[in-house]
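One chain, chain A, appears in both complexes that follow, with chain B as partner in the first and chain C in the second.
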Partner chain A sequence: MKKFLYTFTFIILLGILFTGAALAQDKLPTDDEVNKVAHNLYCPVCQNTPLDVCPTDACKDWREQIRGMLAEGKTEAQIQQYFVDQFGDRVLAAPPLSTKFNLIIYIIPPLIILAGAIILFRSLKEWTTPKAVEAGSGAARDASEASSQKDSYVTRFEEELKKQK
Partner chain B sequence: MIAEFGYGIALVSFLVAVYSVVAAVYGATKKSASLVESSRRGMLLTFPLITIAAGSLIYLLVTNHFEVAFVYEVTSRSMPTYLKITAWWGGQAGSLLFWSWLLAAFASAVTIRKWDRDIEFLPWVVMVCSVTLVFFLGMVVFYENPFTRYWLVNGNVEPHMFQPALATIFTPQDGNGLNPLLRHPGMVIHPPMLYLGFVSYVIPYAFAMAALITGRTDDRWIRLTRRWSLWAWLFLSFGLVLGGRWAYDVLGWGGYWGWDPVEIAAFMPWLTGTAFLHSVMIQEKRGMLKHWNMILVILTYALVIFGTFLTRSGVLSSVHAFANSPIGPLFMAFVSATLIASIALVIYRWPQLRGETEMKSMLSREALFLLNNLLFMSVLVICFWGVMFPLVSELFTGQKVTVGPPFYERATAPIFAGLMFLMGVAPLSAWGHSTVKTLGRAMWKSALIALGVTVILFLTYTKNYIALIGFFLIALVILVTAQEFWRGARARQRSQNENFFSALSRLMGRNRRRYGGYIIHISMMLMAIGILGMEAFQTSTQGELAKGDALDISGYSVKYRELASWDDTGKGVNFTRATMDIYKNGIYLGQLHPRIDYYFDSQQNMTIPGNRSTIKDDLYIILVDWQPTTAMGATFKIFVNPLVNWLWVGSLLFLVGIIFAAWPDRDPAEEISRRGITQSANQPSAAD
Partner chain C sequence: MTEETSNAKHGVPIWTQVVIWIFVVGLLGLVAFGLRRAQNPQAAIGKPVPDFNLVFYEGYEYNGKKEMKLSDLQGKIVVVNIWASWCKPCEQEAPDLQAAWQIYKDGNDVVFVGVDYVDTPAGANEYLTKFNISFPNAPDLKSNISSILNRQMGVPETYIIDRKGILQNIKIGPFSSVDEIKSMIQSVQ
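Now for the complex of A and B:
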């Protein structure tokens, strides 16, 4: 709260100095504006929790810090950069490409999936014979399937009974 | 006394499990039926033994034996008895014992009857189950012992199992209490459900290994474990849904799924399990994909062990947490060892696992099932890599990174869309062969109506094109699936001269798995409506309100009326509860009570949202903060979650579908005739 008040006083003072700017910023950024920025940042202490919903006191302070920075007219990108400088890449929702090493998180899954697709496609080709047999649609097949299945169930059932005797 | 007794019994069951492994392997290789029988009895003995050990632990939990470290950590005097019992799986040591108990129960259920026809599998199934049991009981006995007690040694309190020299026992006044988040009814049932799912998957794996070791690589093992894998899938799915519901109800961030490593750890075996459910059908119908099914069941087992370990240990938070956790490296070693051994077996039996038939068309049902498998595996790759990457990054660069929801959502959304499309196409395709023409003929009506639905939604509901693609796919799948019910029932009605409804119920009764599967497909689409609603249309606002002020969001107006805060010393909780008046477009709808519960024993908060749920949307209010001195202002966060209820409705239908598919057949004649088919399963019969 204190920090908040200081910021507030600071802005008022600024406002007195630059009346024009003060007219545009006579109100503190709303919670929604703060949360919009905080949503794309991750809590540096608790794992995998976006800053806008993190209930810890530390996160409350960080949200107030964002409010202060927004009040100073900082952009979302600047605020993100500030948090990255302070706490490292982990505050970002995904590993940034500014670190070359992080490339592999984006490259490896598509490569594996592609390899899987190639293996699958080649196996399919190998299995597929060019002979084409005309077949009915699913339901028509099902109907014939069901009746023939029934017959074979009966015959097999009989056979099974005979065997058991 | 009880602690020593419980520990002693746990140790005995560990030794019995070790004996079962040795006797099973020795008996099988020496072809000694009596040794194999002895190993089976050993396996059966572990269940009552672990039950007694667990009983001792529960006794300690319920009777406030805080000198036992585990009891101290997870219970306190103020907790009701049922919570003290469920605290059994509220901590790592207890949940490992719980896992062992479930495994012993399932393995006993499998081996309790004598197997005449499949006797050659028996020693190996016993062996695999017992090896797993040895591992988990070994953890309990040597590393994560729930019976460890506190001792006063030279003025210091230290945890030991047995009395150190000159030490006296130390009993804290009160326990730490269970993490309040875990006291929710959802959390009481969620872990056992997940564990039931996890543990059930050990059984199909054990049979698969038995099939590989004995060289009996036909689909006998699959037929024997079909119901196990279905029930395993049921429990795992249900566990996941319960977890989501729990998160929605008590975590207070307006969602049900956050792509957290712990969630993903439970989701990964579900992915391979789902792929397995589909690809198994190809093996049964066409005698193909034997290698692949083996690999899937092995992967599922490995992911189950991996998931068990991740969900409780929190080791993924950093490399150090992993290395410092006593059981981290052991788990990794066990997963790797079983994985390597299993894959080696598959390679050893590779020639025997060759397919029996050829595939005739790229659009046949089996080809589409394969594509489905590829997509499930793709999601798995993304999830696995996303979970592991922070560790890899920290290890190689020292930089900690977060892999959050945006990564997973962007990477998996197109794959899920592809899976939905397959769900729409595959039921129409025929085994063996289909062409674009036959598929098109079967589909065009549904596709046209789905397009119509999409246009209507475009004009009336949303212009978000990703959501529209989603709605189109959902409509397509529901229509195609409904059409399958309709056409099947009509065909039967004509040929059997029945009325439509009895034709439909007979048809479904005869093909439980197929029509249960279709019900599951429809339920998945209902769930997809909810997920889409949350992803595409969720809105939120937050603000500090004085009494009488209101926040407006999406047509709702939420007015802050009052706030009360009081202690409930009996429960050991401080409640802070706000009363909010809800209006929609000026009409009064009622009150909601978001609250924060503060638990004295564990000194933790729990945020309980006030939620008004309708089929159209949920109004979900969280009490974020308040000013205790004045009780004047309070901060609220309000979410409007459109369509999210469809997720829960869909999950109920999902349960119906899977129970329908997994329910044992009533008709014994049919069961016998099925077995008859199994015997001649080497040839895909004319019936298929």
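Now for the complex of A and C:
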């Protein structure tokens, strides 16, 4: 009798386990799960509208299609690939690195920012150089030039005096 | 004199300027080259239509083929209709297109091809069933066909290609009657 009870309980537990698994498989993905995938895709018809917030009937259909694909067990990457195969790269939120041309999009902006930073750094350094020193050095240079001119004048004057003597 | 010397000292060195200009010109060249390569050859009235592939929807075929190229249809007048299940004006012309196909299908001289622009398989299937469309229909994968045909405004648009593969006429928007479709085809015949 005890053995029968153990077997019966085991069968019931096994039944519950399998029914739960089957129910979990049948359960359709929630709106949040669908929108999570749809957020990284763009409406192929409307301009710059993510699929999760796009209000058109066509977008509703695509969201339902995503729900169906998720229910089939497809991953987000597989769903994205399906949309790319159907509608092209324009449905992706970010350009893929699959083509060499797209590399420009990822490399050039940081390079331009870096170049801008270097120019800004150099300019700031130049601007913050004390003007007084520069002005001072300019004045000193002028004074020295004036002094050397004066010296040559004095020398010539003295030479002329000597000649007259 | 003193000022000039000072500017030369503080300005960007000539070699840096040369490098920057080479970089900018090179970058512009690279972008132009990439864009040119990415662009499909495009059709224009009076010019041959660049070739494209058609992979028909399940249940559709032409002469037993599930897949074909536009060039396979040379020698026939080809009517390429671009549509979508979410497009209301397309629904307006769909019965007329099907009626016109019924007139021409046995003649084997005119071929109708439907190209479904940016759609869901379920929506497309529902649309084709609703209007009993029997001429071959294919999805416009990656919008390649509409790009080659140089789609002008939206959907529907219909392109009439003559027997030599030259684009002869474009109808932007829906046809209003079967007679309108017939007269466009007759203008090519």
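Just so we're on the same page, the second predicted complex is superposed on the first by the 102 of 165 C-alpha atoms of A that agree within 3 Å, B and C clash if a C-alpha of one lies under 4 Å from a C-alpha of the other, contacts with A are read in each partner's own complex, and residues count from 1 in each chain.
Definition applied: contacts are C-beta pairs under 8 Å (C-beta built on N, C-alpha and C of every residue); 3 or more make two chains touch, one makes a residue touch a chain.
Every value quoted in this text rests on a predicted model; they were computed, and no experiment measured them.
Visitor: Quick check on the superposed pair: does A:Phe101 touch chain B, chain C, both, or neither? Answer first, second, both or neither.
Guide: It touches chain B and chain C both.
Visitor: If you stack the two complexes on chain A, which partner ends up touching A:Asn48: first (chain B), second (chain C), both, or neither?
Guide: In the superposed model, A:Asn48 contacts chain B only, not chain C.
Visitor: Taking the superposition as given, does A:Ala117 touch the first partner, chain B, the second, chain C, both, or neither?
Guide: first
Visitor: Could you look at A:Asp32 and tell me whether it touches chain B, chain C, both or neither (first, second, both, neither)?
Guide: A:Asp32 sits against chain B, while chain C stays out of touch.
Visitor: Looking at chain A, does chain C or chain B touch more of its residues?
Guide: Looking at chain A, the partner in contact with more of its residues is B.
Visitor: Which of the two partners, first being chain B and second being chain C, lies in contact with A:Gly88: first, second, both, or neither?
Guide: It touches chain B and chain C both.
Visitor: Same chain A residues contacting chain B and chain C, which ones?
Guide: On chain A, the overlap between the chain B and chain C contacts is residues 88, 101, 104, 108, 138, 141.
Visitor: Once bound in the complex, which stretches of chain A touch chain C?
Guide: Within the complex, chain A touches chain C at residues 44-45, 56-58, 61-62, 64-65, 85-88, 101, 104, 108, 115, 126, 138, 141.
Visitor: If you look only at chain B, which of its residues touch chain A in the complex?
Guide: Its residues touching chain A are 252-254, 258-261, 288, 316-317, 355, 358-362, 367, 370-371, 374, 377-378, 381-382, 385-386, 389-390, 392-393, 396-397, 399-407, 411, 427-435, 438, 441-442, 484, 487-488, 491-492, 495, 507, 510-511, 540-544, 605, 607, 624-625, 635, 637, 669-670, 672-677, 680, 685-688.
Visitor: For chain C, which residues count as touching chain A in their complex?
Guide: 2, 10, 20, 27, 30-31, 34, 37-38, 84, 86, 118-123, 139, 141-143
Visitor: Quick one: in the complex, what on chain A touches chain B?
Guide: Touch residues, chain A against chain B: 30-32, 35, 42, 47-50, 53, 55, 60, 88-95, 99, 101-102, 104-105, 108-109, 112-113, 116-117, 120, 123-124, 127-129, 131-133, 135-143, 145-149, 152-154, 156-157, 159-161.
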